[in-house]
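Have a look at the structure below before the remarks.
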């Protein structure tokens, strides 16, 4: 039987291994991203150099300056793209959450025929690849005159996110005991009040986690956005990235600068809500 | 089988100490109950014995080995958890046999041990069910069965009965007691229920705020509590405590009522004291209070009576404090009736008013 | 409440159903129809040219299509499993950390902030054989003195794509599994320790069964939107060279928009959708089974 | 998009007889335009307000995307029949794909105006007798960029002569280029040359080499003609370089951006590339070879013909445009002399004869620029456009995987060309081309 001392030594070895493993994993996760951040501050000549330049000789804001510069100086309407992205992502996330809450609540609280089939049917809509969807969707939206509008893209993203939000929120509402709403109703709430005042606050964390997933999906989506947007009216940042390409050239440094602008809000948001995110997923996961 | 020895055991989270240098010797085969209000450190102490919590200081011996840094698996203990901690994805049979399977025992041996444990705990018809399909009492028995199959040196129980209803609790209490008598294994049992502690323990360890207040047999801690905390914690209803002062060789209460100093106790003139008397030892005159060598009498106004069948509990006011008394020959007591009560002074206690320590001489 | 005499559950579900019908179902019906026509984007009149199951028969008889199909299944299998394992490892490591978890969890989700287009470009440049980051690093460290053609060699190209795919998506697994780890009741884990389990055994016999529902949820989510890998692959290799990394999506995307043969692309698309739905339903089944195994509601 | 009632067609035709417009001639007209986006192309659009002020019309840019996305959008538009916008960016390599989208400009643009463009460009912009676009100053043909220092080292020159029996000089034929590329290569740090390895890009390169070697890609009926001696010789050239390690091993995954970055990193000796990179390569902030870049006309093939796969951007007017006259006027304005001078001042090559002269003249004080212009002008003389079939892009998608297969050694040259030829033949037959 192992002695106390060897157990202590093993514990220490294990925690060292844990630290090293975590360090390596985090490096692998973060380095490619940080490489992009670094590139956005480096002159093009140093980015893809041979022999490689590991320690930057000079860091500057040229790519950013150019990006915010006027037409013809390498500028892209980045602030407009940013605004479009923000409007579209935030609105579609909120709407998807509302629709998802209604749907999730229905699945969690009511019994009806064909529930399981309807549920899987809703989920399966998410399985349709964007490639297969983009053209017919475009034709319909073109007929409806909502191509290149915020509305068209918002509608699309709501549809993209609803299955997942329904699922997650359904799982969450099942965790909220039915008695809670019943107690509230006895206390004089209408069913609607009971939902808003009691069940919704309890399920908040789950809704937050559904929200962050929906937001990130909308924020980063490219395939459909490239089809449904056309001009500064509605082009989002992922589509805007392609402004840095022309037929034969590609401005990687500029792309990186725009990418940094895309990543920062998402990162801040995630950092702020990640606690809820974990709590929400926890509830949504086990039962459901 | 083995004795368990705690020497100056400390548990600290950073600067916060939750267990303060506990010393405790548990003899081989002894049934020791750790009892105290929630947050007193009893569960933490048990978990340190189990190896589920790191020990911050002191030495822990099981048998003759220091086991401070050994993982639970090397301590040869078993534990019954408050929430049973059954493996939900395994059948009862798999739950029972799990530890033996981990120990790589032969199939036949495992089957035999499981059958045996199931017999003892009447689990045989449930062996193929999953925990989700069992009632609370059945789960409890599975948890115990899981503990006994491997014949450990020490059983650890962490509030095992707290999730059961009153009737089942009484029943399981008896089963645990029988089990101990049958197996003779050392048991460390944690509970916040003093009735469980009294009925089960060979010795009770009363804890508060990470310290041991008193160790003793159930009768010892009941009859000679070392302080007001133990006095009120052990026994139901809790001991009545009356604030007073020593004046002229007697205890003088706030309203001037004078009670003699209980025999075996003593305090200097003028000292602030607390007079303690259990409901069993204060009864209305004529209600069969067993006579003792020294008796006293007081008059009190009854506020409320609670008939319990064989006896009635009376709530009366004495010097501004509510006192609970018993009535062994029940009769209806009208509210506000003034009655004379007898007190068995030999069974009363005197504590220091500030520190709560018993003032025995 | 129900003036329309609709049951309340239907009222609640109606917004979801309407939106999904408008944005997904109707277009799907349209493209389903077009898969039976010789529809070419550049000639709208071909939409009315009914050719029956010709497109499906053509796909079924096209070796390139089946290679892409097989490769897609292979890629999905490898990527999903590796993502699951790595996500599991990552989540376990992060859950054991006591200080700075907030930061670590955010860092862990870092790749989720990257748009797939960006990831495509990023790894195309990182894996460039001549001036890419990886080869530069390997050569600087003296580990190799040849330019490894990451995006060209048959095995390496698939590896590079899988690497990029794993890089973006392991986070999803890690975050869900981490949530699972937090949700696990501590008692059974401690019981296992007392029952004599080594850390590995208690992980294997107790923690893992508890995690399975979370793992299947992650699997289901990922198999739902794994087609997003299209953006990445399209930019990194576009299925090449010599069709070595051709996947269903790149094949369909090229056929649909570059070749403008929408009808044929839709026929292949339907086969791809069926594949995706199969994976999803499979994981849903597994999820339900794992849940009932744990005796946790239906 | 209301058509202006009071303007007669005759008046319009009169107004178009010069590049100067009558004041407010299109007052009230709104033109919707889909223009290529990206830094290189957008400077020109700054001139649009000038035209608006001049004519009273309003131009609404309803789409601004990169080339490939725009292509996808046009196809989607055709599918959805949303083609009533007016002006669209176009490209000679893609134009043949949208036969029904764009109108013939011949009746809208006076012939004397058309004559001012480079004739070869106008020829390439004419499909089935329809002038579908007017070229802007974004003419592309590839010339040979090289590192000058490679040719100034006497030791190298001597070693080269000893090995190959002729003097080391900037290559004039593709065979010389192959010899030199193999000679200069020192992987993994330096490669003799590189080529685009996928999509339309490699097929274009293959195509121009086939032509330079005296062959044809398609017969006149658009049946495949590249499975010939010239075709084999051309593909063999790609294979040889790859096998010899004279090109980066990842070259079959390269597109134009990889090539540009590669040459700028200083690890590539000789690089056949587009004029758009000329400024980039000589910019010290972007390129390591700045100051060391030489530019020569594209080398010749075995038939003594220079390679010269060329293309150009331009603007077209849709068939469904409600006010074609105004649209044509805008297109003419965006490609007129002043516009082309503005655009070519940033580097791209013009497509008007006069502007060429102007550009060459303006570059006199800058030897690098002069060298660049000379090389591209020389190459441009014999440049040729892609085959004018609507199936060009689709055919390239069938051909390039086979070319890659041969280069990587999965197939022999003969097998690959046979497979590609069969596939293209099948495509043409399925579409009823012959």
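Order as written gives the chain letters A, B, C and D; numbering starts at 1 within each chain.
To be clear about the criterion, contacts are C-beta pairs under 8 Å (C-beta built on N, C-alpha and C of every residue); 3 or more make two chains touch, one makes a residue touch a chain.
This one's a predicted model, so the numbers in the text were calculated from it and none came from an experiment.
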Please name the chain that ends up farthest from chain C once chain centres are defined by their CA atoms averaged. B
Could you state the distance in Å from the CA-based centre of chain C to that of chain D? 37
Distance-wise, how many Å sit between the C-alpha centres of chain B and chain D, to the nearest whole number? 91
Quick one: report the Å distance separating chain A from chain D, using the average Cα coordinate of each chain. 39
So, what's the distance in Å between the C-alpha centres of chain B and chain A? 54
Residues of chain C that touch two or more other chains: which are they? 41, 128, 130-131, 257, 262, 294, 296
Shared interface positions of chain D, touching two or more other chains: 72, 76, 79, 261, 265, 267
Mark out which residues of chain B touch at least two other chains, giving numbers and ranges. 71
Under the stated touch criterion, can you name all the chain pairs that qualify? A-B, A-C, A-D, B-C, C-D
Chain B contacts chain A in the complex at 66-71, 74
Taking the touch rule as given, give the residues of chain A at its contact with chain C in the complex, in rising order. 18, 21-22, 25-26, 28-30, 32-33, 35-36, 48-52, 54, 98-100, 102-103, 105-107, 109-110, 112, 118, 120, 122-133, 135-137, 139-140, 155-156, 158-160, 162-164, 166, 174, 191, 216-217, 219-223, 237-238, 241-242, 250, 252, 255, 259, 262-263, 266-267, 270-271, 274-275, 277-283, 285-288
Parts of chain C lying in touch with chain D, wherever the complex brings them together: 41-44, 47, 124, 128-131, 135, 139, 145-153, 157, 237-238, 240-243, 254, 257-262
Per the touch rule, the chain A residues reaching chain B in their complex are 1-2, 4-5, 7-8, 11
Residue positions on chain D within touch of chain A in the complex are 34, 36-43, 45-46, 61-67, 69, 72-73, 76-77, 79-80, 82, 91, 140, 189, 256-257, 260-261, 264-267, 273-274, 276-277, 280, 284-288, 313, 346
